[in-house]
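Multiple structures are listed underneath, in structure tokens.
In what follows, chain A forms one complex with chain B and a second complex with chain C.
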Partner chain A sequence: MEDYFAFMGFPRRLSLDAGELQRRYFDLSRKYHPDFHTHDEEPGRQTSLEQSSVLNQAYRTLKDRNERARHLLWLEWPDLPESEKKKIPPALLMEVMEMQEKIADAGSEVDESRKAALQGELLDIEARLKTKMGDLDGTLDALATEWDGIADGGDADARRNLLTRLNTLLNTRNYLRTLLATIDAAVRGGQGVRH
Partner chain B sequence: MAYSEKVIDHYNNPRNVGTLDPNDSTVGTGLVGAPECGDVMRLQLKINPETGVIEDAKFKTFGCGSAIASSSYATELIKGKNVEEAAAIKNTQIVADLNLPPVKIHCSVLAEDAIKAAIEDYKKKQAQAHPAEAVA
Partner chain C sequence: MASLLQIDLGPGRKRRVVGIDLGTTNSLVAYIDEHDQPGVIGADGDGIVPSVIAVLGQGDVVVGRRAKEHLFTDTEKTVYSVKRLMGKSYNDVERDTHLLSYRLAPRREGLVRVEIAGTEYTPIELSAMILRDLKARAEEHFGETVTAAVITVPAYFNDAQRQATKDAGKLAGLDVLRILNEPTAAALAYGLDQERKGTVAVYDLGGGTFDISILRLEGGVYQVLATGGDTYLGGDDIDQAIMTRLRSELAEQHGVAEVTPQELQQIRDAAERAKQALSTAEEIAMEFTLADHAVTFHRAFRRDELEEIAGPIIERTMEPCRRALRDAGLAAAGIDAVVLVGGSTRMPLVKQRVGEIFEREPFDSLNPDEVVALGAAIQADVLSGNRRDTLLLDVVPLSLGIETVGGMMSVLIPRNTTIPTQVRDHYTTFVDNQTGININVYQGEREFVRDNRQLAAFTLGPLPPLPAGMPKIEVAFTIDADGILRVKAKDMRTGTEQEIDVRPSYGLTEDEVERMLRESIERAQDDINERMVVEARTEAETLIQAATKTVEKHADLVEAGERERIEEIIGRMREAMHGGDHRLIREITEELDHVTEPLAQRVMNDSVQKGIGQKKIEEV
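Let's turn to the complex of A and B:
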């Protein structure tokens, strides 16, 4: 995988001007578009095709703040150990398991009034999870500001410490997202989650 | 994605789904997760403290077909084995036996992690229940 920040000429920061990102995307799209290179000699034509594919991936990744953060983490800490990759707050896993069991119970409950009660509980859980998700967004904002302040700084420990917190936050977010999609599927017949 | 028949069989008819008493000192519980997809897996083993043999195994997994198949297969694999043999099981064996596609290898890692976590939990409980004795 490439360094998408470098590819699009941005420094490795978590805050990014969405308008500027789109401008650069359009500029580079024109530059690399295969239609403008049909008369090029090989390998130039092949290169432009590859570059425009990288560009699309780079744009999609940098546009989404969570994807952007994940990409930055991967660039800054390429040898992130397996144990870190899986790290989440200890109580969360238990909570996720309990909620998943409740969702499954609601799905298999045949008694109408009990089913309604369980669905009500799910809606409460959903509201709580959405609040938590909002909190995580706020925390990500704070981490972004913090990172952008020390990104060029020399203190390796402070950077590592921040990246550790960022990793835990992104992992936690993935669980909440899966739970929310599962609840949506159970309550409203939504798509559920693509594993 | 093309799943092997074995994966589909374990997904449609998962073996050993359920729970064992988590407060039983001969039951080890392993709860693990895969943050990249939000999957959770709980594996419980009932181990005979005299012989160290795994007499029962139950699991519950919320995740994709491969995660469910991996954990279902793992319970079949470890029943009747002793703790050391079970701890030595590698995810690569599960991948090979179930013929999992490369993007689903992390599901088998989850199963291996769950086995290890359950055994660790059992050993910890045994050490607490019989502080003076060495644990099998």
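Let's turn to the complex of A and C:
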């Protein structure tokens, strides 16, 4: 995978100006897009196809702050162990178990009023999880300020500590998303998250 | 012509590339004129070429308005709505075959083929016939050969349908520089007009397909945010729903249970006309005569009845609209304008429903028939290097993934990803000395691959015998700017690369396209005699059947000696049909036709009078 920050000429920061990102995306598209290389000889057309593909992927990744953070983490800590990437945050474990129990109960409950009560409780859990999700946005803001503050400096330990916290945050967020989708599927019949 | 040509091209204009809207009902070809404005070739509405092909004999192909005339006379040799068959299997179209007045080749699997007078044609070949006609029109207009084109397809067309369209272009002798999405083309034409900007929804309901695309327009950039649709939903479905109602009325009121292909065509024509007329009229009088049954059918048709029939079909366009909004991350209020494209959007009910879902009055002052072709011409201009200010960023309409454990779909490229795009995936072996790895590629949104469309199946290998998990193969899945998949595999241990041809699992290989090209020429030359014999025999047989049936059914109208005369000719005809002289067969066919004419006339008069009571024929 490429360094999307470098590809689009940005420093490795968690904050990024959306307007500037879009401007660069359009400018680089005019440069790389196959539409402007139809008359090129090979390998020119192939290069345009590949550069343009990387650009589209880079834009898509950098545009979303969470994807951007995930990409930065990957670049800064390429040998982060697989197990660390998917670790379930302990703080969520209780929540998960309670939720799963209720979903199973609601599924097998035949009594309509008790089923409705269980679904109501699931909605309460959903509300709590959504609040947590909102809190994470605030935490990411704080982490971004901290990371962009030390920029390319700071000692190795401080950087590693920051990246560890970033990893936990991203894992938690991912996990919350899955939980919310599971509740949505159970309560409203929405589509679960595909793995 | 040379000097005229140069003036026409304008100073500094590069290669001539035309834009083609290959539609279900109508097709058009457009270009950019010397004032940089897009225009349709063929003035005064003459630019609209009905997408109808009459294959009257080998090498005798008629397209467009002239072919439409053959719908009633050579019903089984005249094909319409071929776009609905592009890239489709028999399963896909099964439910509608009884409503087609031409025949599909009798087979159960693989891609659909049309059978005309004993010869099978792929939808690709038939589409190529339309494209050849459009190419010829453009060449006549410019006085020079045209070799390159941009061809539009519904945004929701899958990989197989796009590839089929590209193959059709190739077969017609066109270098297809781009397969362009129809709503995107429409947005190009809309945006060029007064340099509009903002977030635009393009609602495109054509003859056979439906698309919804949401785009952001800004400073010459056309960025597609989301797209959705249904490639088997359009005006044809409304026609068929009307036909179904008419047929049940014919059965109830006139006892007509089965109809001939010609009669089916008449019913289809009546249904289509009624639908179109009711876009402006509140009520019309419908009337047609089924010659073979000698039944004249008439009834009043009101707009509210049409809307009751069409309502459920139009309703099916609503969910894709809602999903496209969701995918774009927008609410209806976030849409600045709604553009209507496609002939079916002329229906007041469509305008009303679109207005309701997007909470604003749709913009309908563009010509819904021409706007796609005009947009294709603009994109053609971009690709020929004349227009650097326009940038088009389109998306892939369907998710692309591979089959994993338990038949699940593992998505590699989600829908609405901007194209071109590429993902790399890594594969290895599960058992020792495994010589190959099977990869199945699918397109669609469902969780299990069996519910999605298979695009390709290929095997990575042959691999050298190694312990399980040792081989490391990187596969790059690329979706190019046409929305078509390309696959490349790389052995990470040796570094050897391999381009994988993913097309044979559904489309045509380069070899097949070449063979078809060759055959189409050979057929026309070498087999012409044989084909003409087959043709003549078929026609003769049809007439014999008709004559025999009439003589039996209307014995009371047969005059003295007439039966004997007819039987004598049929005897001679049967003999001639065993031989290979198509001229002799045709001669006798004409004789029989001539001799049975008075009887046919009497039968007609008789039935018409029975049908309408005591009215005179002149009053009908």
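The rule we apply is simple: the second predicted complex is superposed on the first by the 185 of 195 C-alpha atoms of A that agree within 3 Å, B and C clash if a C-alpha of one lies under 4 Å from a C-alpha of the other, contacts with A are read in each partner's own complex, and residues count from 1 in each chain.
In this text, a contact is a pair of C-beta atoms (placed from the backbone, for glycine too) under 8 Å apart; a residue touches a chain by one contact, two chains touch by 3 or more.
Nothing here was measured: the structure is a model prediction, and the numbers come from that model.
Enquirer: Under the stated touch criterion, which partner chain does A:A151 make contact with: chain B (first), chain C (second), both, or neither?
Expert: neither
Enquirer: Does the superposition put A:F36 against chain B (first), chain C (second), both, or neither?
Expert: second
Enquirer: So, does A:L75 touch the first partner chain B, the second partner chain C, both, or neither?
Expert: A:L75: touches no partner chain.
Enquirer: Touching A:E50 in the superposition: chain B (first), chain C (second), both, neither?
Expert: second
Enquirer: Just checking: does A:R60 make contact with chain B only, chain C only, both, or neither of them? Give me first, second, both or neither.
Expert: second
Enquirer: Name the contact category of A:A185: first (chain B only), second (chain C only), both, or neither.
Expert: The answer is neither, since A:A185 touches no partner chain.
Enquirer: Residues of chain A that sit at the chain B interface in one complex and at the chain C interface in the other, please.
Expert: In chain A, nothing is touched by chain B and also by chain C.
Enquirer: Can you name the residues of chain C that touch chain A in the complex?
Expert: It is residues 177-178, 219, 221, 379, 382-385, 388, 391-393, 409, 411, 417-422, 447, 478, 480-481 of chain C that touch chain A.
Enquirer: Could you list, by residue number, the parts of chain B that touch chain A in their complex?
Expert: Going through chain B, the ones touching chain A are 31-40, 42, 60, 62-65, 67, 113.
Enquirer: Provide the residue numbers of chain A that touch chain C in the complex, in ascending order.
Expert: It is residues 26, 29-30, 33-36, 38-39, 49-50, 52-54, 56-57, 59-60, 194 of chain A that touch chain C.
Enquirer: Using the touch rule from the top, collect the residues of chain A that touch chain B in their complex.
Expert: For chain A paired with chain B, touching residues are 85-88, 93-94, 96-97, 100-101, 104, 170-172, 174-175, 177-179, 182, 193, 195.
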